[in-house]
Amino acid sequence: MSLNARSLALHLGLVAVLFALCFLLPTYHQGNLARIMVLATYAVGYNVLFGYTGLLSLGHAMFFAAGMYGLGLAMQLGGLSPVPAFAVGLLSAAALSAIVALLALRTIGVAFMIVTLMFSQAAFLTALYFGAWTGGDEGFVIAQASRQIAGYDLTNPTVRYLAALAVFSVALLMTGRMMQASFGHVLIGVRENEERTQMLGYDVYRHKLLAVIISGTLSGAAGAAYALLFGYVGATFASVQYSIFPLLWVLLGGAGTTIGPLIGVIFMFYLIDYSSGLTSAYMLIAGVVLVLLTLYARTGLMGEVRKRWVPWLP
Amino acid sequence: MEFGPHLLLAVLEGAVGAAVLALTALGLSLVFGVMRVVNVAHGEFFMVGAVVAWFVADTIAGHPAVGFVAALIVAPLVAGLIAVLVDKLVLKQVAYDPEATIVGTIGVLYILQQTALMTYGPEPRPVEAPFSHRIALPWFEWGENGLAMFYPWGLSITSYKLFVIFAAATVLVAFWLVMSRTRYGLIMRATQLDRETALAFGIPVQRVYSIVFGLGAGLAALAAVLIVPIQQAYYLMGAEPLLLSFIVVIIGGLGSVRGTVVAALMIGMSDGVISVFLSPTLSKIIATLLVALVLVFRPQGLFGTKAA
Amino acid sequence: MTLLETKELTRIYGGLTAVNHVGFKLPQGEVHALIGPNGAGKSTFVGMVSGRIPASSGEVWFEGRNVTDLPAHRRIRLGMAYTFQITAVYERLSLADNIALALRDRTRAQILVALDRVGLADRADQITGDLSYGHQRLLEIAMGVAQSPRLLILDEPTQGLAESEIEGFNTLIRTLAGQTTILLIEHNMSVVMALADRITVLETGEILASGTPDEIHANAAVQEAYLGTG
């Protein structure tokens, strides 16, 4: 089987497994997995920029939040129904990514990280500042009654799960396809040796710009989906913590692999779920995992799998 | 209180903040200047300083001044030792790779923060100042008899706050003297300028790095001990000093000591003044956007030199 | 036809003039060697030609077109290829992936043909970083050739190559000569004498002499400055 066919088979297989799990899992885990899949969409988006293009952003929460608030405010204040509101969320995230890209891509390395962090902080503070509309730290709830698409009630656990799966599948298949195409290979070239890629005739700046926009829009899609499926919009999702999470997930799962992000989210979700039962200081786990990853496993779980056993893993 | 005295009060309060910020930011700038790494856990060393100060003050009975002096010694030491440990266990192992250091220190941030949560608890707690006398401040106004001095009600400052400004200034001057006049300072500056050559001259670069990292943390902790009688010790208090230190170091120019001090004065004063007239949230938004834009359009800051 | 021309091309770094108002003409189909002592400005010169380094002043003309304001990647697309003085390949990727990026084509057959030109076809799936420096260098040359460029710029291509590899390199360049115009910086004088149609000698940013290998060999000023026994 050719490389591309194998990759497609893997991704479709994963989607099929996730589909089956909808009907096999007990309610608690089914609900968890729905949440995990939406967050994994966020991680997939982050992976495009970090794992494939090699740009470390510390401010992706602003894109997630742009999608979340875009959809949330469109429904709450604008009275829009879910589908056009989702489009508003996507457009908000896309627009924000474009603006941030145009500014932040003038910097490199550490400066890029700090600039993205600063813009994200400003976005978070802005959400707090306009608390009258955004509900500030507390946020607001989107009424159950409005969360229906084509007669399907999104608050129904099974419908919600399948909706989350739909969003994740699109993100997964899209990035899978993108990485097989020439565009994806050039992104990897930019990551591996930017000057060499430039001197092979590729417009590195344009590629980075598109990578930021695609990454930010996917993250925004996840944010919009989260608001729609779980009915809550809040400034916490724009805080620094939600910029660190995707980094953590992708590093753990395997940066630069397509299924690594999902694995990372599953792992961390259940690790934190378990430890928050033990102590309120569950973020300690996140800290320890980050340090251990930095020291011993920079390639992450799927990265190790690819290195040792499955060299064709996309 | 009218505008004039109000402004004076804001300026004085700002000066206190600026003094503490200058020390904290200096720690961050020193680490970046000599080691070329960004320590994202820097704010947590500040918090460690405050929390340790609380523990010391709580343990030592008697006059609060005794506990305070003890804290001034113990807290920076503890923070410094933790930092040296982090350097040896984490930073050295990743060979000070910029990206790995940032990710690793984010991890350290959460470890320190959550450990404080587990040991110290989630509530903010006060530490008593070693001394505190209210000093009324005079204001001048044109009266019937020409320029008259009077004491507007509410325009005052505590002796402790004046002490903080004085103490911070002393430490800054002492630091500058050490850096520019002593052999240790020379070694640090040499390592900052050219690591390879420093190695060739027999300077133990690895040890310098550990000491510098410890010193950076110690400065932050010292600043925290000074401010904790005015603020309170709280496990989440590291976030704001981190953000502000970042702003100062970037605007002042990464690695430039003079720039750090001047920028700290600017940021600290304006943060204090602006916060009086604008909402603190809005002034923070402006500050963060300013940092981002400075990095984008003038990456060398106000005082740094453009990297070749 | 003049493929490449520079007019008053200059590069100043702070107080140092690395390349000083250099005027240079390269006819199509020629193999041209650029030699000179270290620090003469050779790499800076070709850096400006390719667009990697911005010029302080002066112009670069390629195929009758002023490309001075074009960014490097556009010039590459117009038909230039560039190999770095210090090997710049994708060390964590396989040789095949490296060539694929140069070819802009992932067809296996094409990749193997490109690798075969430097004798590396049997190592197509090895990770580049695992190869010897000499092999990595050959890969980079293969990447340059794979682009079927109009102008191939080689910055000290044989440095780090074993004798047999240098022989292979010479043969490769001879097969290209005529279709591809080649500008190479070299310190290895035997390679220069074997391959070059014409030679230009640079010293402290200026052209000291220019001519056929025999003319340069006989030039007293060049001998004094650089050549020795050649």
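Order of writing sets the chain letters: A, B and C. Residues in each chain are counted from 1.
Everything that follows uses one rule, which is that a residue touches a chain if its C-beta (ideal position, glycine included) is under 8 Å from a C-beta of that chain, and two chains touch if they have at least 3 such contacts.
The structure displayed is predicted, hence computed values, not measured ones.
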Chain located farthest away, centre of chain C as origin (C-alpha): B
Chain at the geometric heart of the assembly (C-alpha centres): A
Euclidean distance of C-alpha centroids - chain A vs chain C, Å: 43
Chain centre separation (chain A, chain B; CA means) in Å: 35
Centre distance in Å when chain B and chain C are each reduced to the mean of their C-alpha atoms: 52
Two or more partner chains touched - positions in chain A: none
Chain B residues within the chain A interface of the complex: 38, 90, 93-94, 98-100, 102-104, 106-115, 117-118, 122, 239, 243, 246, 250, 279, 281-282, 284-285, 288-289, 291-293, 295-297, 299
Chain C residues within the chain A interface of the complex: 50, 52, 71-74, 76-77, 82, 84, 88-93, 97, 100-102, 104, 106, 143, 147
Chain C-touching residues of chain A, taken from the complex the two chains share: 182, 185-186, 188-189, 192-193, 195-204
Complex interface listing, chain A residues touching chain B: 56, 58, 103-104, 106-107, 109-111, 113-115, 118-119, 121-122, 125-126, 128-129, 240, 244, 247, 251, 279-284, 286-295, 298
